[in-house]
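The letters A, B, C and D name the chains in turn, as written, and every chain counts its residues from 1.
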Amino acid sequence: MNEVEIDRVADPTLDEPVLVEGLPGVGHVGKLTAEHLLDELDGELARRIHSVHLPPQVGIDDDSVASLAGIEFHAVRADDVDLLVLTGDHQAGDNRGHYRLTEGVLDVAEQFDVSQVFALGGVPTGELIEEYDVLGAVNDPDLRSPLEDAGVVFRGGEPAGGIVGISGLLLGLSTRRDLPATCLMGETSGYLVDPKSAQAVLEVLEAVVGFEVDFGTLEERADEMEEVVGKIRELEGGMEVPDEDLRYIG
Amino acid sequence: MNEVEIDRVADPTLDEPVLVEGLPGVGHVGKLTAEHLLDELDGELARRIHSVHLPPQVGIDDDSVASLAGIEFHAVRADDVDLLVLTGDHQAGDNRGHYRLTEGVLDVAEQFDVSQVFALGGVPTGELIEEYDVLGAVNDPDLRSPLEDAGVVFRGGEPAGGIVGISGLLLGLSTRRDLPATCLMGETSGYLVDPKSAQAVLEVLEAVVGFEVDFGTLEERADEMEEVVGKIRELEGGMEVPDEDLRYIG
Amino acid sequence: MNEVEIDRVADPTLDEPVLVEGLPGVGHVGKLTAEHLLDELDGELARRIHSVHLPPQVGIDDDSVASLAGIEFHAVRADDVDLLVLTGDHQAGDNRGHYRLTEGVLDVAEQFDVSQVFALGGVPTGELIEEYDVLGAVNDPDLRSPLEDAGVVFRGGEPAGGIVGISGLLLGLSTRRDLPATCLMGETSGYLVDPKSAQAVLEVLEAVVGFEVDFGTLEERADEMEEVVGKIRELEGGMEVPDEDLRYIG
Amino acid sequence: MNEVEIDRVADPTLDEPVLVEGLPGVGHVGKLTAEHLLDELDGELARRIHSVHLPPQVGIDDDSVASLAGIEFHAVRADDVDLLVLTGDHQAGDNRGHYRLTEGVLDVAEQFDVSQVFALGGVPTGELIEEYDVLGAVNDPDLRSPLEDAGVVFRGGEPAGGIVGISGLLLGLSTRRDLPATCLMGETSGYLVDPKSAQAVLEVLEAVVGFEVDFGTLEERADEMEEVVGKIRELEGGMEVPDEDLRYIG
């Protein structure tokens, strides 16, 4: 097995697809968004990446069949546009692994002639959110204008700590391949899985890329989480305490 | 020394042997099982693997002679079937090491034309066990039927966290070599070395592979551990408190 | 991407330049010094180094444009001497990375025919400083005399723990390329960003290399920090407690 | 720079020398012993090993001259035998590094046609020691007899946790090169630098290898440490409490 191994599962014909990355991270925003796309739209598994940099483990499915830890690319038709949706349960375990894995992702992107990259994630605010802004970062300033039209917020210098992991490296390493890349970060408290933040990110993606999906199941999950948040607020002695600091739950 | 070094110690003739892996892990179930096989049946050391991914240390034997940390393969004749039994005191120290070491194990398996792989281990329940179920996972759904006949329990999606380490990778990487692989996990509290769980796993292995060994010494060790558990229960103020949570002992 | 990747951004003509390294470290002394040089003198970005040993992240600039973590070399004309100023926000994440990154730095030094190396940093005293000595270490005893003339203090055997990270390796690995290298370490408490210590280091560098820069902005930053220190001292109940041990703030 | 770099400093002619390793470890027993040999006997620096697996740092000597972290081999004539004495301030930082560095050591051993290896160290007892036994381990049972004659104690299976680091690997990897290797471990509390334990080890080495050195300075250091230990015992309320458990000082 190579350091990064790309398994060719199927070779669907895609027309300059948009790569949408949603791996685990803050509030699981990116992962929820990408998985919702796969739930709502018919997709075909096209590539799988395995790597010595991923955890040494297998997942067990409903039939008790094991599958090696990896990240997957599904080809998805969304209205008139083709998407290549990247999902998985793991990120790499060390610096070198993050670089090598991201290069593997961009190798797959080249195999499918990807036209641009959207790395999805969450940005922690440390407080319960009322209005879910979506923060943007790009690897080319020309990308900003259509994103601003779709409501993406650009706050120069933010996030202050930069963007870490595969989402960050997708921006940094795409530049080296002349591939336009955008990171969409849904604001989220950072303490809870956040389907509402995922919905905000997905709405931006729809507007910018040009497709529509149903939000039903995502809204259901959001309602469930709202109940959890409501109970937390109640326990704290007041129903109407917006922007309450939740740091002690972390 | 290569990253993974396979030392050829002897070349016994084996007829499509079954690889049985029992390295250290939860409750030492896999290790106890594999070592009991070597105690009860005549075996011949066939291969040793050393690796820069194993701890930088030597073990000291009863004659004060040092031997480099490694994992060992013994060729064992069990009634009418040939076994290749993998034992050792260590697993790898990092992600890459787990992958590379497992590949080394499968290289040895190919040298002996291994027909299938059984990775043995324990699955922690967090409670004292009365009935020792053996949980199964496979890398091919066709493997399930004979295992179910032998009493193996398949609970889809379990263990929820997947299977980590060499046992997990043996399933994940065997698939890439078209080698059938099963993981047998004895339920165990997770807090104590558990010979009873090892016995449950071994009974399944006997039934599925088709051989018999004496359980005497394993039962003795089980009785010793039962005394320990009995004393723990007494200290807790009651002789008859089944399924008592032991988490605070961890 | 190679383990260490040197991007050629521009090829300014430099006459046996002096390499000045100022990466993050104790009191940010080296980084403050190097960045002050870039603030005060016109410079041109000449090289950028990226590496799998640097953190897997991008920084976000004022236009929300991402740039891959890296270290940068600016060509700077300082009066009659050419400088190659090395700055950045990160050091390597492990032993091997420090070595490989330092070798990359020295490869760039060779590309520009660098005549000597100054590694800048801070040395922690554990106490608030009144007089900012600059401690020196060299990779060739012949380098000491002009440094002593410029006020550099040499205390044999100090720092007792040696010099760690890129600054240390620049001395250690320059020797292997017959390149004279000096480490200038400004004394600093070790608890606070220390522009006064940076100024002391810069004054030595000016005297030894032969150039002058304005200290205005560095002095402003020093005054701001002095206020912070004054408040700390006040809180401790006395305005005039020199050499007070601050270890509990660390 | 290679992963492990062997610098040829001088090429003294040695007649099947004995390699004596004394790197930092428990009680600094090995390091004290090897350094005492270099203090008492004239030696010539023959080889230096640098490695990306050693800490990224330089040491600073009495003239403030930096030298890259490394391990050193001195050729020493001790009465009628030649020694190759290995000393240094560091061990490797990870598993792979320990293996690679030990292989480098054995490469140097081959360059000088080393006849046998003595790895020196301490073995912690957790108690203050009255009689300093020297525990032995070998990579060939034939080595035991002359060692037992010299008073080395062999306790089968001890140390129970094996021998870790370069000392351990020297035994494990020498076997692969058909080189006889012995580990001599002076008993020591494990809490203090222990010159008395070093003396016990050195006395064994003298007897087995066949040379004599003066113990004066080592005895002085031992007396100094005895005073420290005496004061600890006094503080504990009794002058005559042998084998007192010191575990709380650790």
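Keep this in mind: a contact is a pair of C-beta atoms (placed from the backbone, for glycine too) under 8 Å apart; a residue touches a chain by one contact, two chains touch by 3 or more.
Just so it is clear, the structure is predicted and the values come from calculations on it, not from any experiment.
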item: Equivalent-chain rotation between subunit D and subunit B, CA atoms, steps of 5 degrees; value: 90
item: Of all other chains, the one whose Cα centre sits farthest from subunit B; value: C
item: Same-site or different-site touching of subunit C by its copy subunit D, using the half cut; value: different
item: Distance from subunit D to subunit C - Cα centre to Cα centre, in angstrom; value: 38
item: Centre-of-Cα separation between subunit D and subunit A, whole angstrom; value: 54
item: Where subunit A touches two or more other chains, by residue; value: 94
item: Pairs of chains in contact (touch as defined earlier), listed by label; value: A-B, A-C, B-D, C-D
item: Sites on subunit D touched by subunit B in the complex; value: 92, 94-96, 98-100, 102-103, 136-141, 144, 154-166, 168-169, 171-173, 175-176, 181, 183
item: Of subunit C, residues touching subunit A in the complex; value: 1, 52-69, 93-94, 97
